[in-house]
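Two complexes, one shared chain (subunit A), two partners (subunit B, subunit C).
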Partner chain A sequence: MKQHTMTRRSFLAAAGAFGAATMAVPRFALSQDGSVLTVRSYSDLQVLDPAFRLSLPEDDIIRSIFAPMVIPQAGDTWGWKAIAVDSIDQLDDVTIAFTLKDNIGFTDGYGQMTAEDVKFSIERIADPAMESPYAGDWSALKEVEVKDKLSGLIHLKNKFVPLWSTTLPTPASCILSKRAMEELGDKITTQPVAQSGQYILADWQPKQKTVLRRNPDWAHEPGGFDEIHILPIEDPATAERGFEAGDLDYTWTSVSSLPRLKADPPAGSVVLEKPSLAYVWLGINQDVAPFDNPNIRRAVQHAVDRQGVVDAAYFGAASVGNGIIAPGLPGSRSSVTYDYDPDKARALLEQEGATNLSVTLDILNQSERLTAAQVIQANLADVGISCEIKQNDSGTFWTLGSKDGDYWNKLQLILSRYSMQPDPSWATVWFTPEQVGVWNWERFNNAEYKALHEQGLVESDNAKRDEIYKKMQGLMDESGCYVFLTHEVVGAIHRDTIVPGLKPNGESLFSEFKAA
Partner chain B sequence: MLSYSLKRLGLAVAIVSVAMLLLFAMIYLIPGDPAAVALGPRATEAMREALRIKMGLDQPVWIQFWNFFINAWQGDLGNEVLSNRPVAKVVMEQLPSTLALIVGGMAWSIALGIPLGCWTAVKRGGMADRIVGVFSVAVIAVPSFVVAIYALLIFSVSLRWLPAIGAGEPGDIGDQLVHLILPSLAVGLGWVGYIARMVRASMLEVLEAPHIRTARAFGLPDRQITYRYALTIAILPTVTLLGVGIGQMLSSAVFAEIVFARPGVGKLVYDAILTRNYPLVTGAVLVTTVLFILINLIADLVVGYLDPRVRSRL
Partner chain C sequence: MFGVVLVLLMIGGAVFADLLVAAEPNRISPRDRFQGPSLAHLMGTDQLGRDLFSRVLHGGRIALSVALISIAASLVIGVVLGLIAGYGPRWLDNLMILLFDAIKSFPTVMLALALVTLFGPSLTAVMVVVVLVNVPGYARIIRTQTLALKSAQFVTAAQSMGAGTARVLRAHVLPNVIGPLLILASMDIPVVIAIEAGMSFLGLGVRPPTPSWGAILNDGFTAIRDTPWIAIAGGLPIILTTLGFTFLGETLRDVFDPRLKARG
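Now for the complex of A and B:
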């Protein structure tokens, strides 16, 4: 019998051949023929059900594979664009009429999309029994009435202004096949059924790649690429290096990288800077000593150099924000009611006999937050307050102010960042009294604020809404619980061979990306 | 040999059981509500409570542990919280990528470390020995994530020879190997130094042994003495070290997987901890623990097979 033995010489020869072979394989760019777009998302998909989606990247995929009634309009102004509907009009305060395009089909043999599917999809999200986290998007829904095969009426219980900005242009208007979902009998997770969008989910390699392919049966405006490859890359610096190495066509960047990329963009690329809908603030828990004293809260408001904090944390790329509502939306403010005045802060502390104060500041363990916290720490030290920074991972941080835990009775200062949809009610909702111990960690509790929030939901006059939301932020200033810092900016970079489809705040719309 | 193998196997089972207990305890000591993290800000308290019940978090901790322990020994690691996919399947999807990374790292360290160790032992005290000595200590001292970032900046961003992110197209071995070069170098470079030092020290000891002197007296060629008679003995401590090295590489793999945006168990565990996805954390860590113990068991058995003195010690 012949024996196979590995000698040192044969091992080295094999290893050398292996090395040569691997080096000989040419590198190629996936998008060299312009038919494949490779983009980064910050997380992998987990749930593709419009009623139970978990993250923004999932929103984008869901909108691409399940035709929505409308999507956000790409460009610099907020608006919407029809996808599955031929027409959609508000007949009165509580009635919206729609007519579907005639030839949209579902994959897997589930037939043509009809008004019955629209009724099923919308009422499914609103149904309390479904326990969808997005039921609130359709909280004003009374019912969907089917008029004929392709048209129907959406009846509301009451006027609901955010419907056109933060309900319809989200996956809450994606249309699923009623028959397919009834057969499935459960929510969609990672295996979509009866797809109907401009693209279909062709392949999902967990933690590695999601491939969207042009839907061959889509008879309307086609997607811009044969395939979109979506790579889940959590770390923005990794994505930036991937872009610079030619492995990506588009990615978000970190804010701190923006100045460098703008000053010296990689060859053949375009660097974008977009206004963000996020808001970052220093929160002060008004129910925990020493901040149960309003003058000490005001002292902190005067002690923090907001410009200094923002400049240090964002390398000059972001500007100071003056509230929770982003620029460009009704209620956006150009100033706050407190200024940086360390002398005034010291006087307030002296007046209250507050000497040698030691407080804690909880933050998420991200470099921008840590830098901001360190400047705040130095500002507070300047007026005589000793501040300990406590860094938390995301799993811990997002439960710190929950009334289900113990820590909410110890929480003093918090550096927070929330994001919002393009309607001011999406920012104000988290600070109502019902949210105390849920997401309102400052425990700001103001009945007038709550009443104004409800008023804003039914007010359609933009000037009046502007007034309402400015007044609400004035109440937040007065409480002393908030030091508003910034709305940040969104950075993105793309090849000059593509035209990215982006919302005004820089969030991507994969189905709107085109070749240049 | 059979008695030795059974004793090692029994020890491995005991270690896995203790590891499971420690793992479970550690996870439940971490603050944070998995239901709140998983469902996000828009979920109601009722939804969060339903998820807690689904995850079994409403049960006393000892019942949770007992269920986990019994199910794990039966091969059932439960289902992932949000997508409801079997944890075993989720972990097994990622495991090949991590194993490829470790094997690649080990290949770098063996292919470079053993020849360097032999060479410096033969050239003891010379300039080459001193240079390799400094090089070995330097690569041991540099953290793998630093190697990863510099390798990526030089070979991917600057020279554009190798890809920066991903693991290559499934089914395309050539593409996967190209994607493996830099991450495996980052993981394995530190071990080049360890192995070179270890082989050099062993070789110096063996080269002084009587049977080597006898071989020299018989006039056998140096090359034959070094590689056939000295290295086969000097390599034994390195085989044991490789078992430990694989464990170290598993932890280095996390950084490589993040820096190179590769799929893998390390990144899976990292993401799962951040989202408090308990079933996934326990399942993935358990699989890697078993893998580590298994590799060490194999290393011990190989050494026991090669060296009868080791067998008699246990």
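Now for the complex of A and C:
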């Protein structure tokens, strides 16, 4: 029998040849048959219920597996695209007529989608008994009238300006099976039944991977890939490394990496920069000491060098923001009512006898947030406030201020980032009194703000809306609960072998991704 | 000798950090971010413009204090429990072995994550993890050696001369079993430093802005495409300390067991 011996020289030669071969073979971002898309999401899924969703990545999954009436249109202009409806038209200020496509089925034997399911799904979110945080999306709803099997009318109580921009094109228009929901309970967790979208949820490995598979029963425009693998990677810098290693086909990048990536994009990739609708701010819980004293909140507003925080965290790629409404929308502001003035901050603290203050700042465990938090920490130290930074994973972070948890009455400072839809009401709604302990973690509670929010929903004159929303942000400034930092920009990178389906602000629409 | 020099350098750097470098480790200066090594900043600066050399030296304090305090605590607890298990009654020995094995069966990282989830990220949590992880190993070694010495002639002689259990353990058993443990402990120090660095890398160790080698390494990972110096500054001391304490352990082994040296 022939003996094969491995010498050190032959081992090194073989290893060298293997390495060279590995380098020579091009990396396929897509699988061999081009049918698997691998994307990153910034958080893992926790809830797949359109009425109780927690994050943007969940929105995208929900929209893919529960057919919505419409979705946002991919491209550079805001609009919508019909998915489950053949037609949907606004008949007058308070009436919308719709007709469903004829052959959309629910999985698990729950039959065909009908207008009854539309009525159930929309009225469910609006029902105060459900306590959906998204009830505001349908706050103007009077009822859904079923005309026949596939068509019906949505009746509103009053004119509702954001309907076509921030209600219908969101998961608030996703259609659930009435029968399935009545049989199986009133909430969907992470195991959806009666799916109906272009994709179905095929697998979910917590903290590792979510797999969407093309719905074989979907008879209309199919999803672009056989499977979409969604990897939850919280830190964008880690995702960038994953993209460069060939493990991802698409990811958001950190804002701070944009200048470098734009100057020197990885081979075979396309770098995108989009205007963002997001807003980042330092929130101050007004119900927890020492911040139950408005002058101490104001001291923090004056202590934070917003320009310094944004420059340090985003390396010059983002500008300072002045509120919650992004540039270009009615209500966008060019300034805030407080300035960076450490002396004034010290004077306010001294006036209140607040010496040796020690507070905590909760943040998401992400490099940009940590950098921003450390600058805030240094700013606060400069005026005599000792600040401890607490890093949280996304699962913990997004429940910190919830009234159902036990941390909201310990939460003091929080560095937050929300994203919005292209209507100012979608930014202001989260800070109304009804949202205290839901998404309003600063517990800002102002009746005038609420009245203005409701006024904005029915006002269609853009000049008047601009005035209303600016006034609302002025009230937020005045409360001392907010230090507005930035609207960021959105950076994304994708393989040149795919065409990503993105909203104008760079947010993904999984169902709209196609192979190039 | 090389190990001793490295360890002394590391300890000296940590202890005299304030004298060796003027820059304050937490002083932020964003305009100076991502600078390469220079006379002003020997290891460059990080994403917030903080001096990396200063942060590395001050980070050494954290790493070495976590390592030395938690290893010392593990040694004391491990020795006491090992002596009790080895010298005590059989049922107690069995019970303690069961306890040691139960603790040992937890993967270190899982145990660390569980404790940090329960008590929150802190230096104390890191030290508790290290102690919990190391005590069973040390106790088992002491127990085995104690069992072997329990019926040795000099122990029997001491007992027959009226020496009590405490005296037998302290004066006759302990000096004969402690040597191998010191070698093991010195070799465990880099492991502990790696645990602390790993926890800080994950954001579960010391709180920012306290400098820690793991946190510096994490900053370096994030900014690796902008500058390699932060990752180098975070990684280099971990490598050097690991080498230093490993060589020191081998030196100690040669001192305590000259037969091994002759064989080697």
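Please note the rule applied: the second predicted complex is superposed on the first by the 298 of 516 C-alpha atoms of A that agree within 3 Å, B and C clash if a C-alpha of one lies under 4 Å from a C-alpha of the other, contacts with A are read in each partner's own complex, and residues count from 1 in each chain.
Operating definition for what follows: a contact is a pair of C-beta atoms (placed from the backbone, for glycine too) under 8 Å apart; a residue touches a chain by one contact, two chains touch by 3 or more.
Small disclaimer: the values here were computed from a predicted structure and weren't measured.
Q: What is the contact status of A:307 with respect to subunit B (first) and subunit C (second): first, second, both, or neither?
A: A:307: touches no partner chain.
Q: Touching A:460, do we find subunit B (first), subunit C (second), both, or neither?
A: neither
Q: Which of the two partners, first being subunit B and second being subunit C, lies in contact with A:136: first, second, both, or neither?
A: It touches subunit B, and subunit C stays clear.
Q: Of subunit B and subunit C, which one contacts the greater number of residues in subunit A?
A: With both complexes superposed on chain A, more residues of subunit A are touched by B.
Q: Could you tell me if A:103 is touching subunit B, subunit C, both of them or neither one (first, second, both, neither)?
A: After superposing on A, A:103 lies clear of both subunit B and subunit C.
Q: A:337 contacts which: subunit B (first), subunit C (second), both, neither?
A: neither
Q: With the two complexes superposed on chain A, say which partner A:209 touches: subunit B (first), subunit C (second), both, or neither.
A: Touch partner of A:209: subunit B, not subunit C.
Q: Give one of first, second, both or neither to describe whether A:390 is in contact with subunit B, with subunit C, with both, or with none.
A: A:390: touches subunit C, not subunit B.
Q: Of the partners subunit B and subunit C, which touch A:235 in the superposed model: first, second, both, neither?
A: After superposing on A, A:235 lies in contact with both subunit B and subunit C.
Q: Can you pull the subunit A residues that subunit B and subunit C both touch?
A: 235, 238, 241
Q: Residues of subunit A touching subunit B in their complex?
A: 8, 15, 18, 21-22, 25, 27, 46-47, 54, 131, 133-134, 136, 189-190, 205-209, 231-235, 238-239, 241-242, 244-248, 393-396, 398-399, 402, 404-405, 407, 430, 438-439
Q: Over in the complex, which subunit A residues touch subunit C? Could you list them?
A: It comes out as residues 235, 237-238, 240-241, 257, 260, 308, 311-312, 315, 365, 367, 370-371, 373-375, 377-378, 388-391.
Q: In their complex, what parts of subunit B are in touch with subunit A?
A: Per the stated touch rule, the residues are 30-34, 36-47, 50, 82-85, 90, 93-94, 97, 107, 111, 152-153, 156-157, 160-167, 170, 174-175, 177-178, 181, 227, 258-264, 267-268, 271, 273-276.
Q: So in the complex, which bits of subunit C are touching subunit A?
A: Its residues touching subunit A are 26, 28, 30, 33, 47-48, 120-121, 203, 207-209, 218-219, 221-226.
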